[in-house]
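Lettered A, B, C, D, E, F, G and H in written order, each chain numbered from 1.
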Amino acid sequence: MSKNRGTKPKPVLMQGNAAVAFGALDAGMRFFGGYPITPSTEIAEILSAELPKYGGKFIQMEDELASMACILGASIAGMKSMTATSGPGFSLMQENLGYGMIAEIPCVVVNVQRGGPSTGLPTSPSQGDIMQARWGTHGDHPVIALYPDSVLECYELTIRAFNLAEKYRTPVILLMDEVLAHMRESVILPPKEKLKILNRIKPNVPPEWYKHYKNEPKYISPLASFGEGYRFHITGLAHDENGFPTQVPQEVEAMMDRLLKKITDNLDDIIQIEAFEMDDAEIAIFAAGVVARSAKEAIIKAREKGIKVGLIRPLTIWPFPDLDVEMMLENTKAVIVAEMNQGQLINEIKRVTKYGHHSKFIKLQKYSGLIITPDEILNKIAEVK
Amino acid sequence: MSKNRGTKPKPVLMQGNAAVAFGALDAGMRFFGGYPITPSTEIAEILSAELPKYGGKFIQMEDELASMACILGASIAGMKSMTATSGPGFSLMQENLGYGMIAEIPCVVVNVQRGGPSTGLPTSPSQGDIMQARWGTHGDHPVIALYPDSVLECYELTIRAFNLAEKYRTPVILLMDEVLAHMRESVILPPKEKLKILNRIKPNVPPEWYKHYKNEPKYISPLASFGEGYRFHITGLAHDENGFPTQVPQEVEAMMDRLLKKITDNLDDIIQIEAFEMDDAEIAIFAAGVVARSAKEAIIKAREKGIKVGLIRPLTIWPFPDLDVEMMLENTKAVIVAEMNQGQLINEIKRVTKYGHHSKFIKLQKYSGLIITPDEILNKIAEVK
Amino acid sequence: MAKMKTQIRLSGSGGQGLILGGILLAEAAILDGKKVLQSQSYGPESRGGSSRADVIISDEIIYFPRAVNLDILLCLTQEAADKFIGNLKPTGIFIYDSSQISINPIEGKAIGIPFTELAIKKFKTAIVTNIILLAFTCKITNVISLNALKKALKKRIKPKYVELNLKAVRLAVRLAEKYLSEGSPQARE
Amino acid sequence: MAKMKTQIRLSGSGGQGLILGGILLAEAAILDGKKVLQSQSYGPESRGGSSRADVIISDEIIYFPRAVNLDILLCLTQEAADKFIGNLKPTGIFIYDSSQISINPIEGKAIGIPFTELAIKKFKTAIVTNIILLAFTCKITNVISLNALKKALKKRIKPKYVELNLKAVRLAVRLAEKYLSEGSPQARE
Amino acid sequence: MKNIPQKVIHQYLRHRKKFPHVWCPGCGNGIILGDLLRAIYNLGIEKDSIAMVSGIGCSSRMPVYVDFNTLHTTHGRAIAFATGIKLSKPEMNVIVITGDGDAAAIGGNHLIHAARRNIDLTIIIINNNIYGMTGGQCSPTTPLGRYASTAPYGSLEPNFDLCELARSAGASFVARTTAYHTTEAREIFEKAILKKGCSIVDVISQCPISYGKLNNFGSAVEMLKWQRDNTIPVEAASKLPPEKIKGKIIRGIIYDTDKPEFTEEYDKLITHLTGELSISKNKSVNKKVTGKAN
Amino acid sequence: MKNIPQKVIHQYLRHRKKFPHVWCPGCGNGIILGDLLRAIYNLGIEKDSIAMVSGIGCSSRMPVYVDFNTLHTTHGRAIAFATGIKLSKPEMNVIVITGDGDAAAIGGNHLIHAARRNIDLTIIIINNNIYGMTGGQCSPTTPLGRYASTAPYGSLEPNFDLCELARSAGASFVARTTAYHTTEAREIFEKAILKKGCSIVDVISQCPISYGKLNNFGSAVEMLKWQRDNTIPVEAASKLPPEKIKGKIIRGIIYDTDKPEFTEEYDKLITHLTGELSISKNKSVNKKVTGKAN
Amino acid sequence: MKKNSQGKIIKESDSLEIVKVKESKVDDAGDYQESPIYIYYEWCKKCGICVAFCPTGTLASREDGAPYVKYPEKCIHCERCDMLCPDYAITGAAPGERRTNVKK
Amino acid sequence: MKKNSQGKIIKESDSLEIVKVKESKVDDAGDYQESPIYIYYEWCKKCGICVAFCPTGTLASREDGAPYVKYPEKCIHCERCDMLCPDYAITGAAPGERRTNVKK
């Protein structure tokens, strides 16, 4: 991939991990700190070669704890920054990920999932970290996590991840499937001038008036960079709007509410969900990432046989699209939740369909290191009849 | 606390953290590896003084990553082992906690929760790590987590945690509230000879026949210690019944199923739940730990006014008592979920009450560093009417 | 019938032995056959600056672990008095060190005794101030028996200091008796 | 009407350039205006030992990313042949290196050519074996155009090696033409 | 106002923050912060060009009080955060404030890796031989046999020599001083900041509340006297016979060398690849301005 | 069978595991494992008294092949797991097998803390200057300027001298050898195992697949020759003029001293407090049996 | 009795560039012209360090542990007290010197 | 064509304490009495190390890279090949010596 692609969009062959790397560069990412781990390593490898060409910085840190820490430091210094890892590394990043959340520092964390727990199946696909992405760090915290299902979407959602991170001043997680990370697909990247790139809002007040944790505008305060004359304080302790530690219950509560509300008040902006053949669907399949691809193939085959089945696919997996899913499931008689784990999304589906929802829940869970095939989904569809 | 208490049970004044320490000693714990962190530090401090008197070992490790690792090592060497920490340290332990789960190594991890996320409120109570205890490490994994609500229960559930750890060959988490950890209460400890102490099953076959990851008996294989002549292999990779790495889908699946089923097949043994004034309750309060104490006080007051309200309190918080809760809520018209966080247990309650459950869900969430008071609960009870 | 339940706070600054005081009170209450719950302040508050120990003593099981409506407030510093006086029940008793604290009139009962001054005068050390305060409170309020307090003292305190502490108890008892018969000059000042 | 969709596997051992082969095939397919998806083996399997690259070429969007029912299986080693022959469709084509592999009869079409031997004989290096294999396959199966393959080659391969590779393509084309007119001795052996 | 003395450090303190600070009476943290501020004053560095980064601990509470770009991070990770800042904005002066627990226990790995990379950070370890913040547990610098709340029978673990560790890991400037030696400390801080490369300063400090109490130092005063009487300047030590040095701790600049610095090397790579300077270099903040500011 | 030679190492290999092992052709891991097994044989240590603990990496795959008590842990944490085992069963011989990335990148902190504690572990770092397992990223021992998949323009970061680091952190036995020097390696391993205290051995190894390819070593053979030609025994080095040593890597026993060992000190504390021996001492497994076993 | 709110009120100073000697409750320190040593009692934590290390015995301890200037005439303006005070609560610049504490 | 299952079958050896020289497909190595060098081709990965470092030139490379004993008479039983082989695939103990490879 050359730094400047022509303006005429042409299909190119691209790997999922490469799409993430180039998406990040196109989003303006200029700092990558990471530690190699299969199946995410290509992202680091590509960026180690590319970033300096863009005047950006690549650093391989001593571990994932440090990787997460250094990208937060870089972001505070004004760089759009990112790291990429997989399960074990993602576990190690949790403490500092929480720091990024409470300190409201934009950045993007890519987790290319592999089979877990622990070292598990380093080269096999899995969707075992979905719940961890939501709850992995201690304490209450908001989470935005995106989930692509194609190489093109790897590119697009990486850019979107940066946009959301900058807009909502928060770390954003990109959850990926190993299959996607490693496969190559023909993609047509949008022309660069068509890309919508968001940047964090900078303060336009004198330093004396600057409060970097104010609830304005709309729960998100502008963010100055270090060295721009604002000289503010950032801490992982509960803090007041000036960023200074506080234990005053009202101030703590205000801070916690802001963290939550900046996400929950903007669900319409944050949540993206795909409905595939859902208009008349009696059976819904709920699946993310590569499983959704199998589902689509299954749906096409099932529809050929006249079975009314459709797919609900979350592109935004966190915050969970509660309302959208509930509404889409209203008229279905069964929902097949297909996932490559022992049952994570199914719990969310059960949770959101609480009131008198009587459609059947059908689980399709696979955690052997193999991906769910269209045939397996077809079999589950057959079970409904 | 002296090493030998008399046989006649007398009330003594004891701190929650001390109760954990002495509970562990009475359970036979002889190895503690940890790293100080408020509000759990007293556990380490007490054990640094007590363990050598029992011939046991205390080590302060360089960090929590190492703490979790060393207690797993100690357990493999045959010691009942434990660590204690709080939110930030718990986040750091996640990777090796997952190792303990896949490698099926008994041990106990105490997390005295404090305000999060990140450094948060180091000395304030919070129930913010409940979901993290379930989902904190990457990949699918089973979890047992207990949640005491009194100093006596700190003692009792610590012993129970060791018993479950040994019985089910898995790390067990003890989740505690800061309030409980730091307060002192008059407790009457059971006489030592009445304690039921379980120890891991040791193999009684020749080394050649020993398979330490066999599904027998009942998904739990006996566990030899290092140095006892069995010379087996342990890995965090997916493994076969001999402990050797495998990527064969059937073998991986068998391993994952065992991890899950050894827990789900024994829910009756693992789950403990308290129903307080629930017999005729029209309103249920669902609360754990110190919040349940406030609830009880509120219930007594409400009952004085003739309001039929009761409490459901999980002593086992993971696996979540799905069925028990669903059944108990069957005849209630409202459930008040009171928790010191932004809403974690409420999601579980919604999830388990899926089928046509029409009682009202009332949230009582507090995350300011103060604990929920009986009055606040009474106010919520009043809302129902 | 609600049985007896007393919420007590010992407050002052770090180093005045208030946590120990709280523990002694709690242990004594156990010896008196009561249920008891003791808690204290942690965090920055507990370092350097102010210090606080709460004790709830009850005949029945104690659920809610916080002392919010104090029956008895004991204060050794002005800062503590200012901070906690608002938590005292209207019917509560406020016992304070009149050598350290000046107060405005309050609704309830206030007893000022120059505890620190007395301790220094009689024992050449402020170290027993907490014990004098505690014993005085026992005698005045009967929240626990003096006997139990003495037993708790003997159990918790290093043998070589026991005698000194028992002397402090005796001083406190005389003080209390005097107060009960005469009233203290600072009371209701 | 289901449009064309072809699943191809290139297999052999590490170092034989099969991943590059897969990528070339995929890029060529794009030049032919197709949708394409390429994947490969990772993990221990991919180090030292065996190597595999899968390519799915289609007129329509490709959802399921795995090649499970192969239309074309290309093998350079016995191990690969043994391992993957089961994944070939009954109607599939099996093209293998007859200088490395001995096979039992199969249902479908099997074409054995001593690719490695030929490469060494003609070019004094086995390095172009993958290109010969690929170009041969293109010519035989028409899965992609030779033109596209050449373009892809020029794009991906270091300039100094392009000429050598184009020679390999020419050799392969002649081989294929010969095979198409005469049949190879190893076929259906 | 003319005749009223102006305390140099006041111009660096944050007037929004409440003073007196949180540290206990007699704690070394305040003294050392004073030395550091005077060093910064003497060098005439613009406040805005300074990023002060800390971990968790009493010492790590320092940044909150000072009017720089301040970042109070997680326990042990200050150096990793600082690495991100420095590499993103090489023109900033990045100063890391950390404790013996923060830097050498949980953060030990980042310490040695910053040294190895020779990245231009000024790392000041406030070494009070204990975990002050959590109430007196032993640290990797608690001397053998000393008491701590988790070493009730005396520590069984030898302590690190942080200077040795820093040097062997690759730092280009390594020094040791104490809270007692305020002028020496200031001078060392000045040199450490000026150094282009990773500088690590081990500052022996006193925690009268935890370490002092558990180890029967009567008071902060006693502990400062201990620092005075049990340390010896490296120059003097080199002239003394071994028996005179025995048991003494060596102070002063232990190691000082010049070698390629990481962010500079990286910028060279960028220049090489792009022919341009790093994007971050086009900023107005100046690195290492000398000449006094006010 | 009488005349058929018996390979000593075979008695230590696990017959249930599949051979040939996973390592690539010419990889140093197999050679070094052979040296280690011969050392164990020579010392006559019972198999059952050995716990072999590793992290994650190609080198860390070693334990799976050998008939000891084997523990393959998480990346970087082997030493911490091993600390738990050793402290629980001081009578066991705990050998840690780790890579340069495992030991010095992610695991650096545990390495220096084990050294500081001087806990009786034998830590063997298989130092191939690269992350082999993940396909050739740079490690903390990748020399400046060398290529790696994440150092496509040559590494900008200096490498650790692991022996220096280990010594300064407190290890009581520090040595370096290579895959090429098989006899020296075996002898060093013997001494390292016998040492009561923390022993750290830096074994220079070859990864022909990743490091070799990226840095234009023709083959494993070339890399072994490099080891032969670019290292020099410490004894010889001390007798040579500096210009002859320049650029050479020093091999042999770099540091060897006797000091109190952590688990022994802990057992003394227990004896002191209880008058009894540690509960874990009443086991039959013997430590450091000498005399040949078969 | 007036009930105070929890926690102390943060003292906001208009400008901290100038040490506010006039605000100190000191009764011992005189005017700048007469005595160069200023003690800011609101910040002093009574650690005794300044008294212990004053080389001339200028300072002494009050009963509560805080310092006071006992022999103003003895002061040599070495600023040792200033530099060693952990709380920035004392300063002893020489008369006429405006800047305490750096003179390289 | 017989379809194989995925993955190789693990070779179970009854006793690995004895090197199974007889199982090797070697055609160059003769009987023990005649030639002391045994090569176990099933484990050999053809790295060339043994050939490169044999000090006497006893060994040479086959076309596929695996070693063979070219000049058995040259062997001095130094066991260098044995100790350097990463795959435990060669051994060259002296005649009569049963144990390869430690003789301290």
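Note that contacts are C-beta pairs under 8 Å (C-beta built on N, C-alpha and C of every residue); 3 or more make two chains touch, one makes a residue touch a chain.
The structure displayed is predicted, hence computed values, not measured ones.
In terms of the distance between Cα centroids, chain E is separated most widely from D. Which two chains touch most often is answered by the contact tally, and the pair is A-B.
Between the Cα centres of chain E and chain H there is a gap of 59 Å.
Between the CA-based centres of chain B and chain D the separation comes to 56 Å, rounded to the whole angstrom. With centres defined as mean CA coordinates, chain G is found 36 Å away from chain C. In chain H, the residues that touch at least two other chains are 45. Among all residues of chain E, those that touch two or more other chains are 16-17, 23-25, 56, 74, 105-106, 108-109, 113, 140, 153, 266, 269, 273. Those residues of chain A in touch with two or more other chains are numbered 38, 52, 62-63, 65, 88, 95, 99, 118-119, 122, 124, 235-237, 247. Interface residues of chain F, counted against chain E in their complex, comprise 105-109, 112-113, 116-118, 140, 153, 156-161, 164-165, 167-170, 259-260, 262, 265-266, 269, 272-273. Touching chain A in their complex are the following residues of chain B: 65, 87-88, 90-92, 94-95, 98-99, 101-103, 113, 115-122, 124, 126, 128-129, 131-132, 134-141, 235-238, 247, 249-250, 252-253, 256, 260, 341-344, 347, 350-351, 353-358, 367-370. Listed in rising order, the residues of chain F touching chain B in the complex are 14, 16-17, 47-49, 51, 53, 56, 63-64, 67-74, 77, 80-89, 91-92, 109-110, 113, 266, 269-270, 273-274, 276-280, 283, 285. Of all residues in chain G, those touching chain E in their complex are 8, 10-19, 21, 32-33, 36, 38, 42-49, 52-53, 80, 82-89, 91, 93, 96-102, 104. Against chain H, the residues of chain F that register as touching in their complex are 1-11, 13, 15-21, 23-31, 34-35, 38, 41-42, 180, 182-183, 186, 208, 219-221, 224-225.
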